[in-house]
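Take a look at the structures listed below.
You will see chain A twice below: alongside chain B first, and alongside chain C after that.
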Partner chain A sequence: MSESCYITQKPIIIQDVVDRVVRPEAGAVNTFIGTVREFTKGKQTLYLEYQAYESMAVKKMEEICTEIKRRWPDAEPSIAHRVGRLEITDVAVVIAVSTPHRAESYEASRYAIERMKEIVPIWKKEHWHDGAKWIGDQKERQPGVPAKEDIQ
Partner chain B sequence: MNQLLFFAELQDRVGKERIDIDLEGKTVQQVKEYVEDTYELHKAKEAMIAINEEFASRDTLIKKGDVVAFIPPVSGG
Partner chain C sequence: MSESCYITQKPIIIQDVVDRVVRPEAGAVNTFIGTVREFTKGKQTLYLEYQAYESMAVKKMEEICTEIKRRWPDAEPSIAHRVGRLEITDVAVVIAVSTPHRAESYEASRYAIERMKEIVPIWKKEHWHDGAKWIGDQKERQPGVPAKEDIQ
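What follows is the complex of A and B.
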């Protein structure tokens, strides 16, 4: 059985992530694909650079999958994230969740991407015509302080 | 000895991804203050700290051999 969560330098093959969750018990597979956007608040991005604390990031992605299975016991999730230099429209993240019925697959998929932005140590650097900046704070509750439930 | 790891903006500012340093007996909060002062890194305050790949609270004590990572606000996805 292949790993359900992984980080790769190479382009993510969407079908590969989907295949990890397809099974006879499922009647729905929800796929979320996060891509590189050209304009953010009117500012043009030339390309993105993603960096990960890879060993910890995979562990945290697996933790999210465990959380999903706790909340939606019949769900089967898989998450892949790409690192390195990504061009506009490239796929940065793919989340696939299979469930017996469709409602849970949407809910679990949404849960996965929101949690990614809280606890998975992956960062993006936006490169523009006139400079570059590491982006943070897209969903910080209190900078520098982990939520109680995220400390083990 | 301990390993101190930096990522993203903090890595750019420190100029290294890893520093070998003895942090045994210090708390997470003390390590943050040390890094803030030594590298003039105000942004260190906003980072969460992971010890051996798990988020740690500010009063956690660093033990011998622990890998201590500064995790600035994440932006994956």
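What follows is the complex of A and C.
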């Protein structure tokens, strides 16, 4: 199996991400799938565009996997993020974490998505009827992680 | 799309369960996948057999979905369980819950698997090198839910 973290322009195959973590030692896989929602605070989204500072984003995703293995030594994580234009209900991100028992799979998966929002340089542009806006997914700035305007 | 809860003898297609809950109102899908683990407390499992009191099991799975919608009114759940002989790493159960935001998808998915263990009449027979044993998955007995020995 190839890398556990990747960015793709094509639709993410959920089974493919899950396959990267399924193993005899695991009895549980928790998967988080982020999909494009039509309405946010009453405003209709037509479609989204995702853009990544790709090499840095993969590096940060791998960093999250390392953090997970430190906190949950028996966990095996995989993270895939899609970039480009995504329509309503399209899958933007898939996180899969396998663990021997289920409690840890939930905890580690939740940790992964929160960290994704914090440190991975992926931005989305929301397109509405009356305009569009780039929205940073990162809550905090980390050394070495540029803001979107820095790489354009 | 067909029923949100089902039991099958064939391998569960994860995408199929996820497809039942993806919708424009949702931005998050949490999926729990239970797989056959090789070692439990140091003892090697060769394979498992799952058996269900099928009509009652589906009814109880639907009951769990109703409970979820009562607790998380914006959630859409789907549950699939496989029966028959399963090899190591095979998928026994898939739960998918979609919600507008991610926190609720984790909570409702976790609720679903805990309730599955509690009230759904599905049993597994562990096969080891030196024997085999039926193991009830239910922690509590509910009125109308028979023990395995009652239906054999």
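Note that in this section the second predicted complex is superposed on the first by the 135 of 152 C-alpha atoms of A that agree within 3 Å, B and C clash if a C-alpha of one lies under 4 Å from a C-alpha of the other, contacts with A are read in each partner's own complex, and residues count from 1 in each chain.
To be clear about the criterion, contacts are C-beta pairs under 8 Å (C-beta built on N, C-alpha and C of every residue); 3 or more make two chains touch, one makes a residue touch a chain.
What you see is a predicted model, and the numbers here were worked out from it, not measured in a lab.
*Asks:* Quick one: classify A:88 as touching chain B (first), chain C (second), both or neither.
*Replies:* A:88 sits against chain C, while chain B stays out of touch.
*Asks:* Who does A:113 touch here: chain B (first), chain C (second), both, or neither?
*Replies:* both
*Asks:* Kindly classify A:47 by the partners it touches after superposition: chain B alone (first), chain C alone (second), both, or neither?
*Replies:* Neither partner.
*Asks:* So, does A:102 touch the first partner chain B, the second partner chain C, both, or neither?
*Replies:* second
*Asks:* Between chain B (first) and chain C (second), which does A:15 come into contact with in this model arrangement: first, second, both, or neither?
*Replies:* second
*Asks:* Looking at A:33 after the superposition, I want to know if it touches chain B, chain C, both of them or none. Which is it: first, second, both, neither?
*Replies:* After superposing on A, A:33 lies in contact with chain C but is clear of chain B.
*Asks:* Could you tell me which stretches of chain A are touched by chain B in one complex and by chain C in the other?
*Replies:* 34, 113
*Asks:* Taking the complex as given, what residues does chain A use to touch chain B?
*Replies:* The contact residues of chain A facing chain B are 34, 50-53, 55-57, 59, 81, 92-93, 113, 116-125, 133-138, 140, 143-146, 150-152.
*Asks:* Which chain C residues qualify as touching chain A in the complex?
*Replies:* Residue positions touching the partner: 13-15, 18, 22-39, 88-89, 98, 100, 102, 105-106, 109-110, 113.
*Asks:* Within their complex, state which residues of chain B touch chain A.
*Replies:* For this pair, the touching residues of chain B are 5, 7-9, 11-12, 32, 45-48, 50, 53-58, 69, 71-77.
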